[in-house]
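Just below sit the structures, each encoded as structure tokens.
You will see two complexes here that share chain A, one where it goes with chain B and one where it goes with chain C.
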Partner chain A sequence: MPRWPWLLLGLLLTLAVLAGLAAGPIALGPGELLRALLGGPSAEGQATMVVWSLRLPRLAAALLVGAALSAAGTAYQAMFRNPLVSPDILGASAGAGMGAALAILFGLPTLGIQGAAFAGGLTAVGLVTLVAGRVRRHDPVLVLVLAGIAIGTLFSAGISLAKVLADPTVQLPSITFWLLGGLSASSPADVGRAAPLVAAGLLPLLLLRHRVDLLTLADEEAAALGEDVSRLRFTLIVSATLVTGASVAIAGIVGWVGLVVPHAARLLVGPRFARSLPAALLLGAAFVAIADTLARSAAAIELPLGILTAFVGAPAFLWLLARGGRFS
Partner chain B sequence: MRRLEARGLSFGYDGAPVGEGVDLDLAGGEIVCLLGPNGGGKTTLFRTLLGVLPPIAGEVRAADRPLARLSRRERARLLGWVPQAHAGLFAFTVEEVVLMGRTARRGRFAAPSRRDHDVVREALERLGIGRLAGRVYTQISGGERQLALVARALAQEAGVLILDEPTASLDFGNQLRVLGEIRRLRDDGIGILMSTHQPEHALEVADRIALLEAGRIVAEGAPRETATPERLARLYRADLAAVAARLAPSESRR
Partner chain C sequence: MNRRTFLAALAAFPGARLLAAADAGPRMRVFGSLPRPERVRRVFAAGPPAAVLAHVLSPERLIGWPMPLSPEARAFLAPAVRERPFLGRLSGRGSTIPLEKLLALEPDLILDTGTVDATYLSAAENVHERTGIPYVLVPGRLADSPWQLSEAGRLLGVPERGATLAREAERLLTEARGALRAGARGPRVYVARGPDGLETVKEGSLNAESLALAGGRSVADGPGGGVARVSFEQVAAWQPEVVLTQDAGFFASARSDDRWSRLPALRAGRLHLVPSLPFGWLDGPPGVNRLVGLPWLASRLHGSPLGKEEVERVRAFHARFYGFSPERATLERMLAGA
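And then the complex of A and B:
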């Protein structure tokens, strides 16, 4: 196994972090940045304030969201034997979106919106697995995906209803911004709340990383190789959904990351989950960090992060389709 | 010692039997071939013998222990399963595919060890496909994939291999190759249970043949006495003269 992909990923992440700290309306040179970092958060000066109070917390949120969505996507793609699924596939995003929209509609504070988003995502996935569990004698993966589409559509309809009912001057823009995804409103406290949840979801994925490849086989084939397929899949669904929900709670719905990053990671290091998971964590963190840096510094106004990731993600998705069924 | 046996086995889905009253024995170093028409229950029977599907009635024993009381991991150490070669989806290398056969041989959270890699290498070499180790599984030929799946089952280090139509959808050359390797594994002491749609293959390699019709074993024994043209014609609802003509060349070859 060549070492260069890991060096490349490390380099990319380092550059993403440095760019995220240096770029913005107040651009910092290398010397200024270094002084501000070494000086600690309590030092005097504008650079210190910008780096420690504004950019570091936001960068941490971007790294967390990118790593979380990419890890969840890598797990979903392996366990559903489908390289074109993403964290949205089980209705997680639609559920979280509806939770958040309802919370905004009822005028709940930020914490309430985050909690509702998290609960909405888990509810949607819970419903999907419950429905799928009742359907027997069909390919369980197909049933899960179809149930996910149906439940996702139901929750999307709920979001539309919330938009119709929302007050168009205050609530509607807030709902819309939330559905487009972004980190401008995320505080260090948000990151502090989400990080343990992301860690709790990542831990089983990392521990079980050498077994996940088996889920890319037919269920009975994996069972004959000695794996308890349904238990492993259930563990992964819960873990990946936890990670997705925590990410949606702080950043809203940031699409495409969980679909495209796992592909790029597999292209770099091959399909083995034990390698593609860490690669996706690094690459996803770097990707969202760069996208968020562009979101807040490319134009005079702040662009929603979800729009930028879609600009990169959708063409990448089409390119994958055009490659015609041969997936990395 | 019997490596695999079924007694009074009823098998099927959700309590609806596909087959009933099946008795079967398999020892080390023999090939038992299962012949029967499509829908006769061959694959369902295999699933039940592997413990992937619970039996409706009766018992399966592996290495003289009841299958129902073995964990999945223990079963996978006794019984290796070779499904029909599939296309695969993710671009795993052949070595990575075969490495999946080591699942039941290492701890739940353990990474593949040096020994796992050695066993994989050995399995590939044994089947003469060592040169394929680094090739991408989705890009090799159907025959090579089938051999890779046999290698994966060998990597389980099980005493029994169960093969579901290992020669189906292979070209002539690859059929001969796969059958040749199966015979060599038998000579190495592995017990082999396989199904095939080609009676001439069964007559060529089997030590015993069992005929499965509508979920029941209607005949079992030495190949020539069991798979007679008369029985095969009835089993497959085919014309007797045509069946006899088809089997004649392999008869004269012996």
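And then the complex of A and C:
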């Protein structure tokens, strides 16, 4: 296999990191930037604060969220043998959204909102797997998708109810902004809380990377090759939910990343999961870092990240679609 | 076509007349025939600002609240009004009260306030046509409060009370406008909203009206709606002189937060918690409730503390407008973070 896709991904990520460090409303020259970086977080001065407590945590959050959503999307697309699947297929985003909306409605502080969003995402996916585990007469993958749609709709209705009950001048904007996604509030503590959860979810995905492709076979064939399909599937769901839940908790709902990035990654390195997962991790991290840099520096006010990723992601997706032939 | 015929042709369009009317200042819009004021006994408030307006003018006529009231807010209201039920609001497709329930409540009048556009007017007309209940819109911004109070006072059959409150509102507005020396530029203010303080109101928006009246300028501006999300780096780049928040949770956390506490405004002790009981002083809802916040805001913005007099003035406002004055200690607690 050629090495150029990996070099390209590495270059893109480096550029994304450099742009994320250099851009922002407070102007810092390259020299100042470098001095602040080398000086460490405890040095004095505005540049240190800007770099270490504003830009770096936010950049780290963007890289984390991008990598997490892309990994979850890659895993789900392989598992469901369907290129249209995204990380919220099992209701994680709707569940997280409802948790956050309720937390805002009850006036909880930021940490409470994050916790409620994370718990909401886990609850939704937990319910879906519970339902799917009890239905045995149909194709298990189909039941998972349908249960995901139903539970997702239920939680979305819960979000709408919270919006109706919210105070229109004070709480409603907060709920709306949360649902649009964004990293403007990312603090070092947020990243510190989300990173172990994302790592805990990514680790099984990376360890199982050579076995996931077996899921593209029919269940009987995979079983004939000695694979416990339902256990592998369950592990993938738990891992993908963990990374999705953790990233949604700190970033809100950021759409399209988990759908588009896996496609682009497969286009670059081929369809094998063992190769497309690491490629998706790098590409997703770079994509969200660039989108977030635009979100915070294109205008004085923030452009919601979810809107930017959709603006970039949807045309890219159509382009991939038009090229045709190289999906799954 | 010369200029005169062009203008005449323009004026023939209904839309143009609407635009011209908007320029002439607020005017009342009525759908249905108004009952005689002495026959108006039950008033349904279409939204939170209208409920505050009806409450200050004639609490006995307000049949319920369009928004849920927190227990803390209830404690600041007269016992008779605080127990009125939560009914839901009328707001086009966002309405939370079914028209049938509205009919069953048998109001003599639906009162509404706020800014008015064609969408809003058609929704109001629709409610009137389907229920037969007269629908009155008394639009206007904060500066129009005196007019709103006297107009709505006449409608509700309490013209004297309307006139008294209108005079008081006028006095508060004039005083706030005079707080800033002529020609001077007011301080640059960041209004921190939301639990993380990173939502703000744009200069010139409905949500920043009291700020502008009291001689402050919001650091955020630009096109689009009133509330926007910003990054902390942008806040730091703006270097606001004063930070205001209506969120008690954010107020508590910001002073110990590593990033917020380093802002010059916070180091100078110029982070203020805007009181929000029983209704917000800055917005939430954007009604006549904001009048009480004007002297407070002017004193915080221009650094002229009111001292002991402040609690007395707030108490007097509550007594006059809400017909109930909370304990002095309660008000002092509310103003402690302010």
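Operating definition for what follows: the second predicted complex is superposed on the first by the 312 of 328 C-alpha atoms of A that agree within 3 Å, B and C clash if a C-alpha of one lies under 4 Å from a C-alpha of the other, contacts with A are read in each partner's own complex, and residues count from 1 in each chain.
Keep this in mind: contacts are C-beta pairs under 8 Å (C-beta built on N, C-alpha and C of every residue); 3 or more make two chains touch, one makes a residue touch a chain.
Remember, it's a predicted structure, so these values are computed and weren't measured experimentally.
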Touched partner set for A:S187, first chain B, second chain C, both or neither | second
Who does A:L207 touch here: chain B (first), chain C (second), both, or neither?
-> first
Does chain B (first) or chain C (second) touch A:A300, or do both, or does neither?
-> second
For A:S53, select first, second, both or neither according to whether it touches chain B, chain C, the two together, or no partner.
-> second
Can you list the residues of chain A that meet both chain B and chain C?
-> none
Listed in rising order, chain A residues that touch chain B in their complex are 78, 81-83, 136-137, 207-208, 210-211, 213-214, 216-218, 220-221, 223-228, 266, 270-272, 274, 326-328
Which chain A residues qualify as touching chain C in the complex?
-> 24-26, 46, 49-50, 53-55, 58, 104, 107-110, 113, 164-165, 167-170, 173-174, 177, 182, 184-185, 187, 296, 299-302, 304
Complex interface listing, chain C residues touching chain A | 47-48, 67-68, 91, 94, 96, 193-196, 198-199, 202, 207, 220-222, 224, 227-234, 236-237, 246, 249-250, 253, 258-259, 262, 280, 283-286
Complex contacts: residues of chain B adjacent to chain A | 13-14, 47, 50, 52-53, 72-73, 75-77, 79-81, 83, 86, 89-93, 96, 100-101, 103-104, 106, 108-112, 138, 152, 156
